[in-house]
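We just call them A, B, C, D, E and F in the order they show up, numbering each chain from 1.
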Amino acid sequence: MTGWTHHLIIAPILIPLIAAAILLFVNERQRVTKAMISLVATIILVGVAITLFEIENRSNGFEGVYLLGNWAAPFGIVLVLDGLSALMLLLTAVVAIAALVFSLARWHGVGAHFHTMFQLLLMGVNGAFLTGDLFNLFVFFEVMLAASYGLLLHGSGPLRVKAGLHYIAVNLAAALLFLIGVSLIYGTAGTLNMADLAARIPQIEEDRRMLMEAGAAVLGIAFLIKAGMWPLCFWLPTAYSAASAPVAGVFAILSKLGIYIILRLTMLLFGEGPSAGFGATFLVFGGIATLIFGIIGVLASQALGRVAGFSVLVSSGTLLMVLGINDGAVSSGALLYLVSSTLTISAFFMLIELVERGQDAGAAVLAVTMEAFGEGEEGEPEPEEGVTMPGTMAILGTCFAACAILLSGLPPLSGFIAKFAMLSAMMGTGAIGVPPTAAVWTLSILVILSGLAALISMTRAGIRTFWTSIEGTVPRVLVIEIVPVMFLLALTLVLTLRAGPAMHYMDTTIRTLSNPSIYIDAVTNAAVMPGVGNRSGTEGK
Amino acid sequence: MSAIIIFTAVAIAQLMLAAAMAIVSVRMFRGPRAQDRIIGLDALYINAMLLLVTFGIGTGRVIYFEAALVIGMLGFVATVALAKFLMRGEVIE
Amino acid sequence: MIQPAADIPLAVAIGVAFFLLLGASLALIGAIGFLRLQSFYERIHAPTLGTSWGIGGVMVASMLYFSFSLQKPVLHELLIGLFVTVTTPVTFLLLARAALYRDRTEGKNGVPGGIGKAAGERVGEEPVDPP
Amino acid sequence: MTLEPYFLLVLLILPFAGSLISVFLLNTPSRVLPSWVAGSAALTSLLIVLFAYPAISGGEPLRFEAEWVPQLGLAFKLRMDGFAWMFSVLITGIGFLVIVYARYYMSEEDPVPRFFSFLLAFMGAMLGIVISGNVILLSVFWELTSIFSFLLISYWHNAAAARDGARMALTVTGIGGFCLLIGLLILGNIVGSYDLDKILQSGDLIRGHSLYVPALVFILLGALTKSAQFPFHFWLPNAMAAPTPVSAYLHSATMVKAGVFLLARFWPALAGTEEWFWLVGSAGIITLLLGAYFAMFQQDLKGLLAYSTISHLGLITTLLSLGSPLATVAAIFHMLNHATFKASLFMAAGIIDHETGTRDIRKLSGLYRFMPMTARLAMVASAAMAGVPLLNGFLSKEMFFAEAVQTHADSFLDTMLPYVATLASAFSVAYSLRFIHTVFFGPPPVGLPKEKPHEPPRWMRFPIEFLVLICLVVGIAPAISVGPFLLTAVSSVLGSQTPEYDLAVWHGFNLPLVMSIIALIGGTALYFTFRNYLARCEDGPPFLRRLKGQRIFERVLVEVSWHWARQAEKRIGTRNLQPQLRWVVAMGFFAGLLPLYLSSFEPRPFVFTGVDPTFGALWLIGICLAIGTAFLAKYHRLAALVMLGGVGLIVCITFVWLSAPDLAITQLLVEIVTTVLILLGLRWLPKRSEDFDDTITLRARFRRFRDLALAVACGVGMTFIAYASMTMPVPDAIANYFLENAYSQGGGRNVVNVILVDFRGFDTLGEITVLGVVALTVFALLRRFRPAADSMAMPEQQQIQNRLDEEREGRSAGDTVKDYLFVPSVIMQWLFPVIITFSVYIFMRGHDLPGGGFSAGLTLSIAFLLQYLAGGTRWAEDRLRILPLRWMGIGMLTATATGAGAWLLGYPFLTSHFRYLEVPLIGKVPAATALLFDLGVFTLVVGSTVLILVALAHQSIRINRLHAAEMEKAKEA
Amino acid sequence: MEIILSIAIGVMTSCGVWLILRPRTYQVIIGLSLLSYAVNLFIFGVGGVKSNLPPILDESASTTMIADPVPQALVLTAIVIGFATTALFLVVLLASRGLTGTDHVDGRGGSR
Amino acid sequence: MFPYPVLILFLVVMWLLLNGFTLGHFILGLIVATFASWGMASLRPDKPKVKKWHLLFKLLFIVLYDIIRSNIGVASVILRGHPEGHTSCFITVPLELEDRTALAFLAVILTSTPGSAWLEYNSNDRTVLLHVLDVIDEAAWVNTIKNRYEKLLMEIFA
């Protein structure tokens, strides 16, 4: 990875940023132009993400380190590409393109600056995945959050605004916690670079380390809010279900961002050394609580949107718990689960809108947003043009069934493989002769219960939606709306069939992660390029 | 000698200004009306500015001057907005 | 915490101290007046002590001090004085006008130029006749 | 490499392929084409299975293996031995027959392609179960059968019964499937592999392992739910809402057989222990008896058959529980026999239903005269079900009796078994007799929904004829017809344990025969005794009629999954903001302090010496103001805002005091803009006065107290942590590097600014992006802003002032505001260029002294803001054409382009460059690319801030216009 | 110095927390502002506080005696972001007030 | 190019005060000031006609003196302490000034002088309402304003 490909690492951040900047110059009425710019940028992003993923895939445990501003590692900001971030980037890009295409049918026209905010959201998410610096992480978190506020409110309407208010309030509080955590860590460790921090932790004296741990714990709360751990998660189902369909689709990645960071930081900072295993128990119990709450919520929800929202919690709970157990093979199963559940939930959120459109629920939401209050400055969203889907109900039904299967972890789609991968590592051939612990039993039972809850809830909802509607009007569904959904679902099928290579990738990733010194060495040894001004090599280190 | 004089003068001046600020903030708290509070805020701004200049003298550095200048030049914007809100019920018509 | 002042002539130091204390005490007196005076219209006069020679004193002190300690004319304090002088009236004018309006609608404080019946009815108090 | 292994792959793919093809026929009007597709797919599969027999008969299974997820021990392994072969024949053979039958059974209106598609897919899944060579693969197919059976049962989804039945079937078998998976995972833990061959070989290891019991329990949960064994039997009768071909296929030959298949499959690995016997045996025996008993009292033809199926499956389960090889032989044999006669009976029932329009036994009577052929076939099949000699049912039943009288495990259950077996058999005779006698004999029926029943089409009867023929052939000449195949099947399960057995009709006059005779006579007697009661009674057995498993299940499901869940969600969740924030705060509090508490952290003692009195006094004011803010924020909003401004000012002085002039300037500017912003917003908030708040409930008081306690706790915690971290010896921080290199390598003296635009410029890029996004969001949201009704009108002050102006002589509306701003606006206008100059100054000096792009940007936007304040929106926009979006775009691009410029030289993004330029007249001028970056920041900040302010300011005009328009409309109307 | 700053942070935290737990949106936004002051000061303080040693280089001062610039840079970023989010929250609460007709955080009517 | 020379001059001086007196900064300040004055031009303010420059300085000194005087006055009122020790009242002063800038000057002067506050200007009958902290003779006040300030201002802004 030399020459120009090296600069590709930063591309996932810059492409959306530049696209967003260009979009600002395009008048709101030129909707097609805006859509094209956004689409092209996202397609390029997918291309870049695939390239980076392939690079990571080919090189075992390679770390790509990008020194921003050509400053040596602990001083400047670094971007780090490793297996995990490459994976998350790809996942983001895939989900993004699906959501974007979906939005082109109608949603992108119901409010101002949809595409700009969409691109900036991608920038924030990608930045958070790539960065190797705690405070920079905060900044990208905020970029992501700010854009998500905008997107959540996209389309306005009482439901969204109320959900948005809660979402924003909670996340503002979270941001403050984030700041407290980061500053405590800086104050005690004297660095912000994650790799440097990991390297310094063993050398920190006792009482300073305690404070550092307090900081890390506070930081953890901030991420857990994003990841949706009980009891910090009540905003999540409401917010996600209130968001417009494509937005909710891309939001599926956001809660995983919290998980990602927890995974990254626990593995890197608390993988070994005196603070090893810090907070793991807490994660396990938090995961259990979240999982239980998610299960209950899935069961208790009538609206599909909330079912989906609680499914996010279920998946978060599962992941948190597995991360708390923190065992190599289990974690790689968890990664597979993460990918699978993101794709599923994203597809499901978009599907819900299509399905409910037949019941006039979606139409009502749209109508609310179009309340005649634009006094002319708001162009009426043009009647959507495009090809409507033939055999709509059959396809919607199939997609719905696929989602149900995925959510409940039934075969043959990737939901099953993912759950199997985790469980197998805990109590199957991955752990021969090791008697399952109480945590493992609990997790197994809960995983089963969650599948069951999803099954019950989804059949209930599916039956109500598809089979009992008395004069079921067939919704008008455009090809570009259903294709993204099918695309994401097809990916889960691919993930099932290619589970072997996928698991290989996850295993490699986790192996690299569980050996923090690889990451630390890669970052601290990254050499600056000589010859700018009078700057030289690793001076000052 | 001159150092001591200035040192003492600065210390006393700072205390006096702090006292002024404290008194002003009592009015801010007591009201009775919004306009009293707003004038209080304005006075607080002015006193704070004086305090900064005094602090500058005490430290012998000019770099704190800009903060004072910002207060002097722009501090009134907030109070103007408050006043206008009081009068008209909205800030920008 | 305060850095020892640079070596400057004693006379200048005394001048600096004088102006400094003058400014600060005027500000303090203004503050006291602001607290003690009875009606709003009286109180409005008090802080102007601070904004006029209160600032003036401190500014002169600062200019004197820095001009001598840095060995070059330092006059930018003038700007502060100027801006404060120019901007304070804006606030005061607007506020006083708001207070007038409010007193008139409520018919309090013996404010001249009371208002017509309509507003009086609205607020539910007897309008006060203009003197 | 022979071709034979690929048989298995093709065999598995064929049904699924057929299913897919059928999907594409969804819109064909013809019923015939889909049937042909389905039929040929099934037939081909059957032929493949048959052709595979020679390869299997040798005893060595056929295998096919492909890699799937090797890391997890999950391989795509297919394996067909004799037992699997036998089942494959059943699945494909009966499948084919059912398809033929269904071709005639389904009516014109039904979407036939969908039916066949599901049916074929189900067939594929079922084949998958029997030929899986990897237990996880098996569980994959296991779940697939549940899913497809759900779709098949709910085929007529307009009927509520079909939906409910299907859902129940899915729920029960789905749970079972999950449990099975866990069980198999435990097996994997014990054996170390999911390979079926390996597992089957490790029987002793498994049985001796401490995890044996959990594994067994979980696997049994899977098997028993699928096979509708007690206490999970209740779903099967409700699944009868399915179209009859589905029942004939799923509930006789395939789906329910999967459970017993699994038991037999794992028999070598799991059977033979006490636990096995007790668990499996008790389930089997109870099911056997209960099923038969319930079957007698059913009034629905298919219900009767369903309970009979339950009972027969109980019989098989009981046999498998005994742990003796001979019993297993009997079990396998009975699986085969039951499939044949039960499938044919279901189809016969379907024909009756089809022709008469009802399945209610009470309404049916004397059908023999209308459909004699069907009647004869049904009679033979029923006889087989009842265990009449010379039919296949008799043979396996005899074997069962023979096993029942043997002692296997000396226990109560074992002793009881012969009696139970006989009794159940008698019941079985009774219901079989009832089925035949009531339906086909007696007077002609009256009041049938369909008039004039008659024989079905020729080919609709064919499947029954064929199956009945098999019943007869096997029943009369077992050894030569089914013998070899059965042996292959049995020996593939039992291996070396395969016992000697004799497939003969006549074993001499022995105890089992006596039991059979007793059962036959007893059953007949039973039927004729209770005949009249049965003809009139309600559906279901006496006493237990009310106790419907289905209803209990539904009730429980609704209760648990709906009511309880909602209660629980309310209890442990919330949709309100306050509790959420309370949690966040509390969690943050504990997260911060718990680690310290647990590791018994000791903070340094508080030291009050060395405190600057002025600073102390300042914060005394600050603290009072903060508390005042908190106190007044509810009823005196403006006052709270004023005080908040005061706190901000103190913070700002603190920054100056503690060596952060940059922060002070920024804080101050932000403070000003924020105040104006909040004021702009205050216009739209409702009036609030203290009068409302008379009644404070006890709960509210408690809540307040709790919040107060939490708030104080957080404050104390923050104080401690802040003090601890401030007094801690400073670590060797990266800051030193910045201090050393800011000037030499970053080209600036103001280290903070160099950090912002150079060392950590990327942060700044992100930060301004945040600002930009927020501005856009604000803009987008406010475009649809609609104030609450009570904020629609002009503010009260303006109304009064306007009215006054109108009433007074010589004045017109708006004079007040004109006079009001007459003088101040002049000053404000003249400040405009001054502030612009000042903002440029702040910007230019940023790199070396406090200032920088952000402060400068805010300053400039305050300049704009001031003009809006002075002249109003219209006035200002008439004169200043600000295009905030353009500014933002330019800013973003400038910053990015500056960063990207480094690429041209091959350096990473944001690499800065600086040098001193010699400019004529002026001298040395520092020129750093960082300054250009800062320019981007500046531009974006101006754009965003102005956009936010302007968007808010515009609302007044907008709403006034709108309000006027609405008033107009109201007047017209 | 440290003790005063710590207590100030603590008090502002208390007030802020109290306010964000109140049911009126306006209280919440004021509370968030107070909290962000507290947090900004907190970040600022963790590097250790020094008076009159601003991180501005001139030829004379030695770099070791200067206040830590990193927390200051962080606070600057935090201030900006805090400003942005306050603006956003304000607008959202206005929109919420417009759509639900009340300024209760849950959109409920009545007063408490 | 240079729409407001006085303004530009002022801005350049301000720039130099802030940055130091160098040639480079003079040029830079000139550029900045020019841009800023264009900004001012876009506001289209009422352009004041300044006639007699030198009188401005006279005014300045008068005002400075008055401010010192009234500072002492007000301070003594405050320090004297009894609430009844002074008589404050409202005074309406009719004005002849029409120029807005001149009025602004007057307002600044009156407000900066402790003891008198400009409350309200009525553009219809061109009167200004003042509040005075310690009034001994109302007529004297009106007289002072009209003769001491207004006259001068009328001369400056003809």
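Operating definition for what follows: contacts are C-beta pairs under 8 Å (C-beta built on N, C-alpha and C of every residue); 3 or more make two chains touch, one makes a residue touch a chain.
Treat the numbers as computed from the prediction; the structure is a model and nothing was measured.
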| item | value |
| --- | --- |
| Both-way neighbours, i.e. chains that touch subunit F and touch subunit A | D |
| Winner on C-beta contact pairs when D-F is weighed against D-E | D-E |
| Chain at the geometric heart of the assembly (C-alpha centres) | A |
| Chain of greatest Cα-centre distance to subunit D | F |
| CA centroid of subunit C to CA centroid of subunit F, Å | 15 |
| Geometric centre distance via CA averages, subunit B-subunit A, whole Å | 48 |
| Mean-CA-position distance for subunit D and subunit C (Å) | 67 |
| Per-residue multi-chain contacts in subunit C, two or more chains | 1-3, 30, 32, 44, 51, 76, 79, 83, 86-90, 92-94, 96-97, 101 |
| Shared-contact residues (touching 2 or more other chains) in subunit F | 14, 18, 107-108, 118, 120 |
| Touching two or more other chains - residue numbers and ranges from subunit A | 135, 139, 142, 146, 149, 153, 156, 161, 165-166, 169, 173, 180, 184, 186-188, 192 |
| Subunit C residues within the subunit F interface of the complex | 26, 29-30, 32-33, 36-39, 41-42, 44-46, 48-49, 51-53, 75-76, 78-79, 85-86, 88-89, 92-93, 96-97, 100, 111-113 |
| Interfacial residue positions of subunit F with respect to subunit C in the complex | 14, 17-18, 67-68, 71, 74-75, 77-79, 81, 83, 88, 90, 92, 107-108, 110-120, 129, 131, 133 |
| Parts of subunit D lying in touch with subunit E, wherever the complex brings them together | 575-578, 581-582, 585, 606-608, 610-612, 615-616, 619, 622-623, 626-627, 629-630, 633-634, 637, 640-641, 644, 647-648, 651, 654-655, 657-663, 666-667, 670, 673-674, 677-678, 681-682, 684-686, 688, 692-693, 700, 707-708, 710-712, 714-720, 722-723, 725-728, 730, 733-736, 738-740, 742-743, 749-752, 755-756, 760, 763-764, 767-768, 770-771, 773-775, 777-778, 781-782, 784-789, 791, 848-850, 854, 944, 948, 951-952 |
| Of all residues in subunit F, those that touch subunit D in their complex | 4, 7, 10-11, 14-15, 18-19, 22-24, 27-28, 32-33, 35-37, 39-40, 42-46, 100-101, 103-104, 107-108, 118, 120-125 |
| Contacting residues of subunit D [partner subunit B, same complex] | 613-614, 617-618, 620-621, 624-625, 628, 638-639, 641-643, 645-646, 649-650, 652-653, 656-657, 661, 664-665, 668-669, 671-672, 675-676, 679-680, 682-683, 794-798, 801, 817, 820, 824, 828, 831, 834-835, 838, 842, 849-851, 859, 862, 865-866, 868-869, 872-873, 949, 952-953, 956-957 |
